[in-house]
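Here it is: the structure, laid out below.
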Amino acid sequence: MSVLINKETKILVQGITGNMGKTHTGLMLKYGTKIVAGVTPGKGGQEVHGVKVYDTVQEAKEKTGATVSCIFVPGFYALDAAYEAFDAGMELVVIITEGIPPHDEVKIIRRANELKTNVIGPNCPGIITPGECLIGIHPGIIYKPGKVGMISRSGTLTYEVALTLSNAGIGQSTCIGIGGDPVIGLGFKECLRLFNDDPKTEAIVLMGEIGGTAEEEAAELIKKEIKKPVIAYIAGRTAPPGKRMGHAGAIISGGKGTADSKVKAFKDANVEVADIPSQVVALVQDAIKQPIKV
Amino acid sequence: MKLFEFEAKTIMGSIGIPVPKGQIIKVAEEVFNLKLQYPVVIKCQVQSGGRGKAGGVKFADNLDETYEIAKKLLGLEINGIKTSSLLIEPKTDIEKELYVAITLDRGRKSHILLGSSEGGVEIESSDSVKIIPVQTEYKPYLGRKLAKSMGLSESKLNMVSEIINKLYSLYENYDLDLAEINPLVFTKDGKILALDGKMTVNDDAIDRQPFFQGWEINHLTDVSERELKAKIAGLNLVELKGKIGIICNGAGLTMATMDLVKKYGGEPANFLDVGGGADEGRVKRALKLVADNPNVKIILVNILGGITACDEVAKALKTFAVENVDKKVVVRLLGNNQEKAAEIMKGTGIKSIDNLDMAVKEAVALGGKV
Amino acid sequence: MSVLINKETKILVQGITGNMGKTHTGLMLKYGTKIVAGVTPGKGGQEVHGVKVYDTVQEAKEKTGATVSCIFVPGFYALDAAYEAFDAGMELVVIITEGIPPHDEVKIIRRANELKTNVIGPNCPGIITPGECLIGIHPGIIYKPGKVGMISRSGTLTYEVALTLSNAGIGQSTCIGIGGDPVIGLGFKECLRLFNDDPKTEAIVLMGEIGGTAEEEAAELIKKEIKKPVIAYIAGRTAPPGKRMGHAGAIISGGKGTADSKVKAFKDANVEVADIPSQVVALVQDAIKQPIKV
Amino acid sequence: MKLFEFEAKTIMGSIGIPVPKGQIIKVAEEVFNLKLQYPVVIKCQVQSGGRGKAGGVKFADNLDETYEIAKKLLGLEINGIKTSSLLIEPKTDIEKELYVAITLDRGRKSHILLGSSEGGVEIESSDSVKIIPVQTEYKPYLGRKLAKSMGLSESKLNMVSEIINKLYSLYENYDLDLAEINPLVFTKDGKILALDGKMTVNDDAIDRQPFFQGWEINHLTDVSERELKAKIAGLNLVELKGKIGIICNGAGLTMATMDLVKKYGGEPANFLDVGGGADEGRVKRALKLVADNPNVKIILVNILGGITACDEVAKALKTFAVENVDKKVVVRLLGNNQEKAAEIMKGTGIKSIDNLDMAVKEAVALGGKV
């Protein structure tokens, strides 16, 4: 078992004929992901890496039984693409697209909540269940099947930590890049609950960064609900206030969203916090030895 | 993109939010063309907060005073930013100051209205601020709810809620991150007036806002020259005080690398994220921007990615090493085509250290220590 | 018992200081309806017929415990007023207002459905449980407490039939004027179900008119679900096609929405159809004598 | 309010829906100023359907033909409406005709998109019409879904869905009841063109649509003079062929009264709903409008209401009776102040019959029989 996706999951790619869509469809297929359809309006009937392209999500779903959409369309078109995916009844929509205006993101997430559709992202690397299914742009080669669930606001930082874990022989159950924007679909809390309920996952690595209060809220939840060990890492201890650090969501404003506040919240919740990424390995090794809280 | 006060007020005025009639000057002598009644208020047009404290707002009773003040204020540095224009307006007789604003609440995943019946500086963090979330489409009753929660009643309730309706239409139509009036005042003669206004246009949405096309560069006043260049080149650069220049892919990894530099005894000179899938040209531009910072003693390049082609990065590094023999570079380069990259870098003296901690320690050791 | 409202129901009136609002608040109070609050922005603190006025629905609800709103605001303001009532958690919103643009009506009804709030109207006379509670503009004097549930698209036609029933000694459980616009909240089907489940109601009078297919759908439902006798009357047998007969919804267009089609649908569903309003009395008398279908 | 074809096309053209370049003429001699290429199509501008069948659309190959046709068509009566202007356009080489429309679906309580890959007359009721409901905010994918369901693909799919996006923006922003293009055509040279367009502005929304202010009266071409007067006075009047004039309050009761008239052997001359709470003046205007119809032999007034003040109605009736001794009136008047009303009508010869069936029978007996 794994979280949200597995080797049976059928995926369609919106924006499959664009550069990003084309490249990553190839990589996902190579990884073994079941990409069953692509969608680009007006290009129905074409093929990309042997995957048939349809004009609408509705048709692609009807013809192939896809239940998950991975969106690669440009920022200003993502709202439309997401609504189309929701309307067609996708169960999970993974939005890789970066630079979506926040006014659109609010609408996307609101509509997803109304319809109880799961959204990962926007502005995220996607989700991977190593050895089974990769949706998004994670470099699959870095990951190994195993027992550690990972949740992260950052793409390459996830790869960094996954790499050290894999190198140390510690595999991952599922890794979810929740995205670096201020408004996102599944957050730390929702993903923590998923991993808590997943029998395959024995420990959870949570990678946060400056900006917002999602980490503080996650710490609250861990204290109350999460039975499995959680190891946290927070990026941005040296980030200056008031400056956006790449991600739209990574900004300390009005004294809120500092790394210190997040580290403190986790420590208050008895969550081990790694000072540096490579320390995660040792903390995970320690944690897995402990019996699970009941 | 943060707008200047006078721009925000012009836009507010255009949809019927009452603002004082003011004039903008860029040269002190322009005060001789003023068509305003005295006393006036003279306000430095800078995007930084704390303008009042820094002496950037003055009152004058006549032309001579205005001229003297204008001469002093033009060029005044406020939090490191030089004043290049002044807004001059008739002084308002204030009966009561309020605060209203609209912004995005990350936690709620919705837009929120904020309001307080106390205006003025640092109100944002005051307990008196009331919040009304906009759970679905904005409708005027939300403005009334906010005005009510601010303790307003009778005609004042309607006047303020009408202002909020208009402010929301700007917020929505212009893709704003923030629309704020502080203070919004009732004057002694019973009118309502937006005395100061802030508007921030969302950076990811600005390309679909034709009204603001071409405005961006003029509004990047709080960044260094190199940060401005980076922005134009589509690179995320934030400069800091340290000696170790940093080039990474991905915002989280860049921050983590900065943190590691600090952890191992160095100080980062910057945040620079080249993004995913950077090619040779992009990495070259990044190297140049970081190297141009005179504080930078050593450059730490940390690229980890599935899709970033390491050979492209290596080509940029090779060219850079040839052209800048005096600049030290420490590289950590993992991912697609990393063997090709190693081949390219052979003989350049640049060595790639696979382990991130080792790479950072090396950079600190090679001259980055505080 | 009765449908939707009873003598304990606490009501607030939106637009209480307008002409319509003021007049009908007086009439409702006289009838014994528990009008506990009024709402007009900027007029908080005033009184109308002794009822205190508040600036917002939220405040009025918090101070008085009102659960039902009756809306009298002008057409272009009804969307805002309805959203305000929904947002404040009203359980039932009765919209008397006539002339609301249909684009607004679509939004009102969609939002009500999202929040599962009951709406009666727009463009309706409201709802009355004779002897207990009158919400809207029904002339209370015409009605008598009793066992007949009434559902109607038309105001004065309801009064006409209620009058003949009352004069014949047949009282009413609850009478609902569902409104004459194309897009309305509770329709024939929803109200039929309410009366079907109401132990006090023994027979149901349904008054339809030309336009739309609500009567045809009601007939389908009656065939399938309704255990109590239903007597129908359809107005507009002499209405010409293509002309709006007063109500925005009362128009035969493209050959659809004729009285004949509706009468036929009811007859096919074994529903007695009165040829003229006064005939309803005899049909109700006959029906009440019959045992209830099981 | 139904717009004329040329108005609908002008509005569509203004937001980038391609329409033929045409000219409007109201006098046949204007054809001498035509700046169009031959052959042309000449189309009567009437709001009625069945224009083609009635001979209201003609083709011409040269100026002479155009002039002859224009002379014939100007003034042509189509379903009882006189043609007062013609739209002349270059004839289009059609490859394929389509139909697209947007309207409100009462049953679904939502807006719907309609489309068919067969254009032309009476397509609305064809089985080939596909329907896409707009369940929430409109987004472009809905237009694509419609175009797809119409069997379109490749560039044609994108061209048509783009047209639907634009048509929807008109539908939404102008509070339309209907926006339709029929036919929407692909021309032989691969272009898309709206050859005919219909737009109906919602009557209840028109007062918030500044663009259409003052348009209403010019667009009521399919009503009688008295219906037009009623509309201006805010009364709902629909004239029919019978002899019994009807004045009621409430649409349902008015229809029921008409039905009763027919049931008892008469024919209604009109539908007239004075609405709720009508006062003396309003009832007077209603009486006059109905009496002015020369077919009307008797007027049946049926007022039943809690709030309509019967004495107000009685005053209007009294005045009317005095001024129109030759007009027979049968009254049924129940509700507020009905005793006062009876008092007022004493001696006027007007008697109120409380029972509706009796009142209708009386009216039919008194000269209304077919």
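Going by the order they are written in, the chains are A, B, C and D; count residues from 1 in each one.
Rule of thumb we're sticking to: a contact is a pair of C-beta atoms (placed from the backbone, for glycine too) under 8 Å apart; a residue touches a chain by one contact, two chains touch by 3 or more.
Since we're looking at a predicted model, the values are computed, not measured.
Within the contact network of the assembly, the step distance from subunit A to subunit C comes to 2. The distance from the centre of subunit C to the centre of subunit D, with each centre set as the mean of the Cα atoms, comes to 28 Å. Here the CA centre of subunit B is 55 Å from the CA centre of subunit C. Touching two or more other chains at once are residues 136 of subunit B. For subunit C, the set of residues touching two or more other chains is empty.
Taken as a contact graph, the chains are arranged in a single closed ring, with each chain touching exactly two others. Under the touch rule stated earlier, the contacting chain pairs are A-B, A-D, B-C, C-D. Interface residues of subunit A facing subunit B in the complex, by the touch rule stated above, are 23-24, 27, 75-76, 99-103, 106, 109-110, 137-142, 152-160, 163, 180, 182-183, 207, 209-210, 212-214, 217, 233, 235-240, 243-250, 254-255, 275-278. Note for the complex: subunit B touches subunit A at residues 104, 106-107, 109-111, 124-125, 136, 172, 175, 177, 202-205, 207-208, 236, 238, 240, 248-256, 258-263, 268, 271, 273, 276, 304-307, 334-336, 356-357. Partner subunit D is touched in their complex by these residues of subunit A: 41-45, 55-59, 79-81, 83-84, 87, 107, 111.
Residues of subunit B touching subunit C in their complex: 135-137, 139-142, 144-145, 148, 153-155, 157-158, 161.
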